[in-house]
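The structure appears below as structure tokens.
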Amino acid sequence: MSIEFTVNGTAQVVEAEPLTPLLHVLREDLSITSPKASCQHGGCGACTVIVDGEARRSCLMPVEAARGTAIRTVEGLAPAGGELTPLQQAWIHHYAAQCGFCASGFLMAATAYLEQGGTDDRDAIVEALGGHACRCTGYVKIIAAVQAAARGETFDLEETAVGANTTIKGVER
Amino acid sequence: MFGDGDGTLVVGGGTIVVPNIQLGFERPATALMLHRAGLGGIARDGGRVTIGAGTPLAELAGLPDPVASCVAHIADGEVRRQATVGGNLCAANFEAPRGDLQGVMIALGAHVRSAGKGGERTEPVEDFLAQRAGRLVLDVAYDEAPGAYAYLDRQHTHEYTALAVSAVRGADGIRLAATGAGPHGLRLPSAEAKADDPEAAGRAALADVQLADDAVASAWYREQTLPILVRRALEQLREAA
Amino acid sequence: MAKAVGRGIAAIEYPTGMNQNGDPSQAWIKLKMDGRVDVFAGTVDIGQGSKTVHSQIVADAIGVPMDWVTMDTSNTDSSAFCMGTFASRGTFIGGNAVRLAAEKVRSRILEIGGELLEVDAGDLEIADGEVHVKGSPDKKVGMGDIAGFATFVKGELISGQGTALKEYATLDPETGAVTVPPHSAISYAACAAEVEVDTETGDVRVLKMSQVYDVGRAINPTMVEGQIEGGAMQGLGLGLLETVYPYYPSPDHRGSGYGSYFVPSMEELPELECIIIENPSSDGPFGAKSIGEMANNAQPPAIATAIYDAVGVWVTEMPITPEKVLRALRAKEEGRPESRTDGKYIRYDEELSINAVASADSAVLFAP
Amino acid sequence: MKVVGQRLPRYDAGAHVTAGTRYVDDVRIPGTLWAKALRSPHHNAEILSIDTSKAEAMEGVFAVVTHADVHKNVHGHIEGLGVPGDEPLLAATHVRYLGQPIAAVAAVDEATALRATEAIEVTYRELEPLFDIRRAFEPNAPQAHDNQNWYPDFEGQMDRRQIRKGDVDWAFEQADHIVTGVYRPYPMEHVPMETQVTQVVPEADGRYTVYSATQAMYFSMGVVAAHLDWPLNRLKFIGGTTGSGFGGKVDTASETITVLLAVKAQRPVRWRWTREEEFLCSSTRAGWHMEVADAITKDGWILGRKMLTLHDAGAYSRFSPYGVTKHSFHHTGAYTIPNLEFNGYVVYTNRVPSTAMRGFGVTSVSFATEIHIERCARAIGMDPLEFRLKNANRLGDTSPNGVVYTDPSTVPVVKAIAEATGHELPADYRTMTAAMRSGDDLPEHLVGQLGNPEDH
């Protein structure tokens, strides 16, 4: 079946069975690899993309349900070689990605959150992103990055943030 | 619309079906996708609430308890924007309880309108759940009433409740129902009979359920905590009044 | 709804590097003709940040800006041998390998710089990619000139290789005594956990974790925090949430997805306080010790102790699920003591204990 | 400017936030086939027959491999460390855990590959499984493994890992109290965000490029080469970047089988495990059973420890003997205990083999002994932090296996956590250092047993 939608502003026509997950179509048919095939049952958020302005799990969405929609992925956040969005900059500055595998899903969910007027309120961020799994960071720096972006902060990308509630000291021997 | 429904896979939001197809658990020859079937939407007419089967769970967030509290703890916002009321009502347990809304709707005294063999049918949720094979949910409707929701909350990234109790003060008295206490949502008539005494109601509830071990809780643990949740739901209902 | 709060503390240690050693990491470095530095190592970055840490070590060991360093860990054709990313060995063993390689490159740069400046190499130092005479910062030559001179005039590739290897520790099977230390530096940590327990359901929430880590030297403090914070959440998962066999040892009811296996989410992230102590090791790169693995070890016992502090029951199987807490609370309500005194013996957990192992020599195995 | 100690951004952060980081599953090679495995439906069974003919005849199937295709089917990952191999790459005569791979298929797409695995016919004779490590030593226990139910080859001769230090009988006689306890961590899953994944490309020059998510490229290359009896230069591993591992991606669980399929199909092959496979079939952190008995004095000295550890290896050894050895080396935790008797067994059960996971061998001992220390302190009415400081390891003390501690930090970290939590310590504890014990003298009977020359 022929299905049309746009991805990052570019019109796409794919031939796919209607119940094929959007994730599969993006990755395998269109080679758009930012959404990750991690759990493929909606449990982790690594495949989240923005569909018509809303964050969605692309692994749960039948491609038929994406017909006629405008889809956005990490590839479309910043123009190639262009300036990163404040959220992407915050992700670097606050060291919010370690292995990086969850970053795409988090970035798209957080982008949708911010575009819908999300603030730096910690509880609201947890409500918006709480279904996303990150196994490396312990979430501290992810929350810090979203808060910083919500406050419109800009960053010197030559260094990372000083961690909250951290002290470093020497020891007497 | 689709014959008698046999052999046809009905797809609401697809949150259960799409992964199952990916894993080869289901290989449907024909599927009926409801996302453009016009079954979505919440209508309020006087005190009557009618929720179309295709309504995403996220749209239920504004309804009073027990609905709002229940919906707030089904997976996360992204899944709730995709998953539908019809799909949730028809969800079968898999490793852990699914169908968090089943108990809620039973407590609300909701009726399901469905299509299938023999045509359209409207019946209480508990009757529908007992014989849901081959039927397509069209909508679910209930009269607004004060309600409360008590649940076991083990937070994790893909959260569903292990056990939850809904309490509603309806026109004919208090109705109680549980999710996670049987193969699907169950009404708790023995507990309802003692609703004036939350402790006694809690103990009585054990007569109404079919507890089992699964991946998220044992039958023993559910037996220990069901009375507590019944009591908490009734106390919340009392405080809300 | 009754809630009880409590606090528990645990202290732990953890070794750097593969048990019994004998695990080399190798690296080699070459200079491009403009002085830029290419590092080839087999270390895998699994998220811990070895590409960054190794670059930092190389930059300082040679004396060049960080952005002059390219880390190539991409394949086994160009990279040297590395045993792998495990055993908390990346920064220490892998880091020592790139440091040793960088020191050889630095020596050769100084020698050629000495030729060009007509001074003894020992009188030179390198900073920010320039070689200059100690005490005379104006008498200098750029590393690009040195590398270009080596390439086009001397016909030489400036390169260096390094191998970090500790001798394999042979061990006496009777006593466990070893011939040489079976690990590199030991790291230390402590965790204080504060919990809230629902005494009716047994549900436990961690409210705060304060954590102290001795990492020798924090080569990149933000990365150390990343390990501490991520480790804290894995420790919380270990302590309270995660198991693949919920009825262990029974194999029944294994969860196959995120709905039935409890991966910690943002929602249970407690307040975290991190204190990094720098007690340098004698043999790690720039005094570093490892941090990776130990980061999830102190939380589970701290949480178990905090639960005891809150409600007076010990749960010694982990994860400490609500069900286990509730079972322990029921046993306490029924009057079962937490331990039994028998002469000078104080015995806990008797109902859990096996009578050692039912083999012929069980008495030898365990007779406390 | 010196950069060590600086808070510099990650080398790969820019790539991470722009989807520029290329993980194995993001590599796109035209014509790549999908792989799937046929896995055991039984916990413990004898394999009577394997018939792959129907799968091989299916349209879209390019290769089916079984144990018969593997040059060296049983290869131990740490044979070099003296741990003999005991696990087949693909099951031949027995399956010892649910989910064990028996055969694998490469086909045009994922669905075809899955259907092809279902077309492979295997007949079994089911055997009684063993799940409880505490039952493994019983004379009539079910047989979980090809040989006995516990690993027999420590140092090529011992069926357990032993530590013997000092005179533990003296310590237990001398003690005022002996505190016993039992500790049991359950198995858990690594849950790396990226599942096991490998892509293999047969190159025109006869080499094979292996895109691998391994945590250890050279190690995994060695494993593949050993199974296939290939020289190392027939393989090129491309990796160095993974979507996390936490120890589970040292197992080389997908690489060798994917190479076998690529060799047979002469096409590129990709094998990406589903999350369900990760949860049900991938290795786990081990379950443990630990019994601890500490001989303590009423003023808070630990004179001796006896400990018995049973480690649930699952069906095969993998890294378990290594893990139990490491466990034994650290079974005194952050403290010095002069008299020790430790016995640790690697026990086989019919569950997924366990493997390394963050804190391998030591996470278990930290859980057991820190709770135990807390109980000991409370049993004699002593502040648990003071108890820890008193017994903390010091410069010059020796570890369970006789290694002299050169830079111990138990005292600094315990003092720091006391300060962070507002826990008041008496003056003679506040002045302790990693070199100095408490103001009160070492008791007579410990003189000479603890290694710090400043104390005696």
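Per-chain numbering from 1; labels A, B, C and D assigned in written order.
By our rule, a contact is a pair of C-beta atoms (placed from the backbone, for glycine too) under 8 Å apart; a residue touches a chain by one contact, two chains touch by 3 or more.
Being a predicted model, the structure only gives us computed values, none of them experimental.
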item: Which of A-C and B-C has more C-beta pairs touching across its chains; value: A-C
item: Between subunit C and subunit A, distance of the C-alpha-averaged centres to the nearest whole Å; value: 28
item: Centre distance in Å when subunit B and subunit C are each reduced to the mean of their C-alpha atoms; value: 46
item: Centre-of-Cα separation between subunit B and subunit A, whole angstrom; value: 31
item: Centroid distance [mean C-alpha coordinates] between subunit D and subunit B, Å; value: 42
item: Touching two or more other chains - residues of subunit B; value: 22-23, 157-159
item: For subunit A, residues contacting two or more additional chains; value: 39-44, 95, 98-101, 130-133, 135-136, 160-162, 169, 171, 173
item: Where subunit C touches two or more other chains, by residue; value: 45-47, 49, 214, 218, 221-223, 231, 234, 254-259, 261, 263, 265, 267, 273, 275, 277, 279
item: Overall pattern in which the protein chains touch one another (line/ring/star/complete/other); value: complete
item: Complex contact set, residues of subunit D against subunit A; value: 6-10, 12-19, 21-23, 25-26, 28, 191-195, 242-244, 246, 272, 274-275, 395, 409, 412, 416, 433-435
item: Sites on subunit B touched by subunit C in the complex; value: 94-96, 152-160, 213-218, 220-221, 224-225, 228, 232
item: Subunit B residues touching subunit D - in the complex, by the definition given at the top; value: 22-24
item: Touching residues on subunit A, where the partner in the complex is subunit B; value: 18-19, 21, 24, 40-45, 48, 54-57, 59-62, 64-65, 109, 127-128, 130-133
item: Residues of subunit A defined as touching subunit C within the complex; value: 39, 41-44, 95, 98-101, 125-126, 129-133, 135-143, 160-163, 165-171, 173
